[in-house]
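One chain, chain A, links the two complexes that follow: it is found with chain B in the first and with chain C in the second.
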Partner chain A sequence: MNFTEHPAFVFPFVVGMLFIFIYLPVIYVTWLRKNSLADFKTILRSIFTTNTLKAVREIFSECLLHRRIFRYNIRLGYMHMSLAFGWFLLIVVGKIETMVFTHDGFNPPYLPVFFKYFYPSGIPDTFKGRFFLMIMDLLLILVLSGLFLAFLKRFRSRVLGMKRTTKHIFPDRIALTFLWFIFPLRWFAESVTAGIAGSGGFFTLGSGRALASFLPLEDLLLPSWWAYSIVLGGFFFALPFSRYMHIFTEVVLIFLKYWNLATPERQNAYADFEINACSRCGICTNVCQLSADAGITHSQAVYFLRDLRYGTPERPVLENCFLCGRCSQACPVEIGIDQLRIAGRKRMMNAIAPAAEMRPVVSANGEKVDVLYFAGCMSHLTPGIIDATREILTRAGIRFSVLDDREEVCCGRPARQAGFADQARSIIARTTALINRSGASLLLVTCPICYKVFNEEYDLPIPVEHHTVFLNRLMTERPSLFRKSSLRMSYHDPCDLGRGSGIYEQPRSIIRRTGVLVSAAHEREDALCCGGSLANLAITPRQRTLVTDSAYQMLTAGNPDYVVTSCPLCKKTFAAGKREIPVADIAEIARMMLQPEEILHPEKAGEAELESEGQEICQ
Partner chain B sequence: MSVNPKKRVAVVGAGVAGIAAAVALKRAGVDADVYEKESGPGGHLTRWHALFPGRENAATVLQGFLNEVKENRLDIRTGTLVTDIRKENGLFRVTTGSGECSEYGAVLLANGFRLFDAARKEEYGYGIYPRVITSPDLEKRMEDPATGLLIHNQAPKKVAFVHCVGSRDAKVGNRYCSKVCCISGVKQAIAVREQYPSCEVMNFYMDLRMFGSGFEELYQEAQEKYGINFIRGRVSEAAPTLDGSIQVKAEDTLLGCPLKVTVDWLILLVGMEPGIPGSLHDSLGLERDDAGFAGCRNKFLLPGYSSVDGLFLAGACAGPATIPDSVNQGRAAALSAIHYLNGKV
Partner chain C sequence: MNGKNDKWGFHTEKSNLITLDSNDRSLVNILAEQVPSLNSCFFCGSCGATCTASDDGMNFRLVHLLLRRGELQTVNKIIRSCLLCGKCTLVCPRNVDTRAVIYNLKILIHELH
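Entry: the complex of A and B
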């Protein structure tokens, strides 16, 4: 046999491959046209830097080895790695094999794929030939083992660390079926060929001989290669319309990521690449508290991205989300799920309520102070936090005023999360003016929701501090102001302070300074959402309660004296239920641990007693 | 004790339902032990100054119940908390806090309700600002005119009531109506107006449920005769002012506008929560309704019959109830328990 004969069965594969190599560049260029000139300039500035090399490294570790999935679950990681890296090596090593054999890099693209058909014994009678036969068989075993796990995952997902698998749509099922048949058919065709020729790799020859004992191999030779070629071609045709679009798109996405194309608004081509880079692996559904606690299984990131890819997500899908960031944290592709969802909400709001007005912000009076304290609407619903913060500031002798003491001032975040981007911008402009007028040198906030938006959306001339950072600094600078107790406290990381702003250590340091930190399951990056997030516009109060109670249980497992958090919304959410173990904000703990005035200043003890009347922490 | 335990009944709780039940049992010649965790009988009635709708003096009504206790020589074990009830071989084994164990043929649960802890609605500032009080706090204050709502010996100028605190509020997990707070709020508003005629009184409500006889009339009287301002809208938050009064933010949903008002006192009409501890439900296999109160076997045919054979329910442990409701339920449950002991059910 000679490969120049072009047997007809290569046709489906060749057509499928041509389709992919024409379709992909066309669609990618279509997306890239959404970029503005500034976006292209950004890319140009980064393309000739070490960022490109970093991207290549990440492509190797994530697209092929799937390191992040390995960290999530070893078996799941192996499944993804063996399929991706194994297939990749089959292609690369197969190509090298043919190049070694033909001494020509430009042999037809189908030659490596169907090499065994043309040369069942490989490169005849050489060490190189036997080496390639063995290595190609090993690679085939690697891929088949991954396929076995993928198959297992469909029926026994827990074995691979998944509570549930993704619900797939029709194009996915078609592509999945083709994919599942590719490697078993390759094995079958190679085995049949090896069985007839009486030589081949250890694996395919062994199975070929076994098959020869009960199958008419001669009759099966061409049909088996035809079948292999058809499923390959079929897979290539189904690929762009299925989740397997991620295979190529993720590669481009990683380059674009390192070329700094991602913006918070997700208005350029980056969003398209993100949406198409989702492999629907379902890890996001696994970490989502909505599915685990509240039985909500339609709005997880994977379904939101899927709907976004094929059209416009329905409101319940857009809105039933806490924006807690757990899915983004777990996503192996690092898709900006929250940003995409907010962008989606903005499009929806523009469509249904283009003229919506936010309530105007009323002016606040400004007097000269050092610290401007912005409590925010959520702290106003938990006045214990405002009270505690005021007392600490007073006792520390800091000149301060409260920006939103009498009048409503808004940080703009609720409007932004609900999709009212333009209105949020005008709120931000007005609040910026108020802050600038105060002349303070520090903006103190007790709400992580405000804190995040002050950091990300404002351009303020003064630093912004969350009270965990502020109090921790105060405790470092003025340790005598506070005392230590034997209170045992567990700490709940608020989404916007932890995952959102990266502040994990300061609140824990405050707890260690004032008492004993009790560890709990799901801490730091892996922290649970309290269930109170305002970002979810669709959940029912009952479903919220399920999420909240489950998170509270985790926090109280170590039987602490207090569950401590540093977000008014988290505190309010947890404290609303019937609670055996009280919930307190870190400011309330710090106030409780203020050194009594009579110890600090014995001469003023009389006055202090009068002042501290009725200042007990609630509960 | 020589009496056959199979013929004895344990009554848990000596509030109005428990007393009514125990008296009815005693009069029928059935031996009953009454367990009461507080230091005296009377339950929540002891917290009240005047009762709706006619503002009868609560102390007089309480005395009436205590007289019945005395006349019937009821054995009330005050200061005794029931920690566990188990049913074994048809007998109920009742364990108290001190570890004492007694056996009974039937148990009548009448351990009432718990007041909603208003601190759970932190936005109202209860426990943070001294001028935010609950409806039972107000009753206590009204008992002594020298305290009342006086501020530095001055009559208050403005008082606001907030209805549905802890009731019909999914955010705190209570979707049910506590039934008695609407009329309590109307009654208390009138009482404040009568005590301090120059004081402006407003009630923030979602809707007012005047279900009992004379209630609707009292509500009308509150508006027409006493000039009380009923505002439909929930209070969103309360904040203190420099002089210690309370600034309330709310929405008038009938006028469709937000409003801010500063009041001397903010009074929270707290609702009822289930009084039976979860552990008792577990050890007895006692079923709960959606709201968490003890559930009965059949709302129409067998009210007062719990899911456990031989265990009967009376008063607010089975759901929000007024005093007359509780008394009737206590008597009915007593009769059901007697039938059970006699093997008729």
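Entry: the complex of A and C
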């Protein structure tokens, strides 16, 4: 046999491969054209830096080795790694094998793929030949083992750490069917060929001999290679329309990420690459509390992204989400799911809700203060937090005023999360004006929802501090102000403070300074949502309660004296319903742990009340 | 002043005259279907009392009442100032998902136009 003969069976593969190599660049260029000139400049500025090398490293570790999936579950990681890396190596080593053989890098692209058909015994050089035969067989085993796990995942997903697998759509099914057949057919075709030739790698020759004992191998030779080529070509044709589009798209996405193209608004090509880089691995559905606790299984990241890819997501998909960030945190592709969902809501809502006119800011005549305290509307529903904060500030002798004493200011985040971008912008403009006229040098907030939006959407001349950071600093600078107790406390990370703003350590440090920290099952990046998130516009009160109760259970498993959090909404949400173990804000804990006045200033005992009253009048 | 009303010392303003037989209640029915908890509202007014946008005329209890009466024009004007902050939902003693009602109402009114 000689490969120059071009047997007809290579055509399905060649046509499929040509299709991919033409289709992908065309579609990628179509997306990239959505970039503005500024976007291209951003890319140009980063392209010749070490970022490009970092991108290559990440492509290796994430597109081929799938390290992040390994971290989620070892078996699932192995499955993805063996399929991706195994296949990649089959292509690369196969190519090297043929190059060594033909001494020509430009041999036809199908030669490595069907090499065994042309040269069943490999390279006729004893050492090199045997070496390649063995490596290629090992790689085939690697891929087949991954395939076995993929098969298992469909029926016994728990073995791979998945409580649920993704619901497939039609193009996925087609592509998946082709994919499942590719490697078993390659194995079969190579075995048949090896069986006939009586030589080959240890694996294929072994199976070939076994097949020879009961099959007429000569008659199966061409049909088996035809079948292999057809499924390969078929897979290539189905690829761009199925989840497997992620294979190539993720590579480009990683480059774009390192070239700093990502924007929170997702108005450029980045969004298209993100949407298409989702492998529908289903990890997001497994971390989402909506599916785990409330039986909601239609709106998770994977389905939202899928709908976005093939058209426009329906309202129930857009709306039923806490924007808690658990899925973005777990997503191995690091897709900015929350940003994409807010962008989707924005597209839907802006026409519907034009910005309302905000009342103008009345002119200032406030007293000069150091700290401007913005309680936020949620803190007004949990006045204990405001009282505690006021008392601590007063006791620390800090001059402060409360911006929203009259409860008519909003930070604008709820409107923004619901997609009312214009309205959010006008709220933000008004609140900015209010803050600016105060002349304070620090904005203190007790609501993480506000904190996040102040950091991300406002352009303020003064720093913004969440009270966990502020109190922790106060405790460091003025340790004598507080005392330590033996209270045992578990801590709930609010979504917008933890995953949203990266503040995990300060609240824990406050708890350790004032009592004992009891650890809970889901902490820090992996913290659960309290279920109260205002971002979910479709969940029913009953379903919310299911999520809340289950999160509360996790927090109280260690039987603490208090469940402590640092968000008024989390506190309010957890405190609703019958609770054996009380829920408190970290400010309330800090107030409880204030050193009694008589110990600090024995001579001034009794004046404290007067002092704080004086402060009250200053407001 | 004319007619019978004079005799009793009071009269009805034309603009506040509600004909419960002919008012348009289709919207409130759709809303109650979308957010079933709306039906458990007993008009206590807690939502209005806590509202962040109350200075701008927002009041969920009032909106609900106007909806039941079919006074859509006024409703449309009032709900524009809602910030969707959700305070009303959190204070409602009957667990009415007030925020979801306003959100859906905005969309419904838009679809009507």
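Just so it is clear, the second predicted complex is superposed on the first by the 588 of 619 C-alpha atoms of A that agree within 3 Å, B and C clash if a C-alpha of one lies under 4 Å from a C-alpha of the other, contacts with A are read in each partner's own complex, and residues count from 1 in each chain.
Here is the rule we use: contacts are C-beta pairs under 8 Å (C-beta built on N, C-alpha and C of every residue); 3 or more make two chains touch, one makes a residue touch a chain.
Predicted model, so just to flag it, every value in this text is computed and none were measured.
By the touch criterion defined above, A:461 lies against neither chain B nor chain C after alignment on the C-alpha atoms of chain A. Of the two partner chains placed by superposition, A:295 touches none, neither chain B nor chain C.
When the shared chain is aligned, no partner comes close enough to touch A:311: not chain B, not chain C. Look at A:383: by the touch rule set out above, it reaches chain B but stays clear of chain C.
By the touch criterion defined above, A:397 reaches neither chain B nor chain C.
Of the two partner chains, both chain B and chain C are touched by A:572.
With both complexes placed on chain A, chain A has more residues touched by C than by the other of chain B and chain C. In the overlay built on the shared chain, the residue A:427 is in contact with chain C alone; chain B does not reach it.
In the superposition on chain A, A:534 contacts chain C only, with no contact to chain B. The intersection of chain A residues touching chain B with those touching chain C, taken from the two complexes, comprises 380-381, 540-541, 572. Of all residues in chain B, those touching chain A in their complex are 119-123, 125, 127-130, 170-173, 236-240, 273. Interface of chain C with chain A (complex): residues 36-37, 50, 52-56, 80-81, 83-87, 90-91, 95, 97, 99-100, 103, 106-107, 110. Across the interface of their complex, chain C is touched by residues 315, 349, 351-354, 356, 359, 377-378, 380-381, 407-410, 412, 414-415, 418, 420, 423, 427, 532, 534, 537-538, 540-541, 569, 572 of chain A. Of all the residues in chain A, the ones that touch chain B in their complex are 380-384, 387, 540-542, 545, 571-572, 575-578, 614, 616, 618-619.
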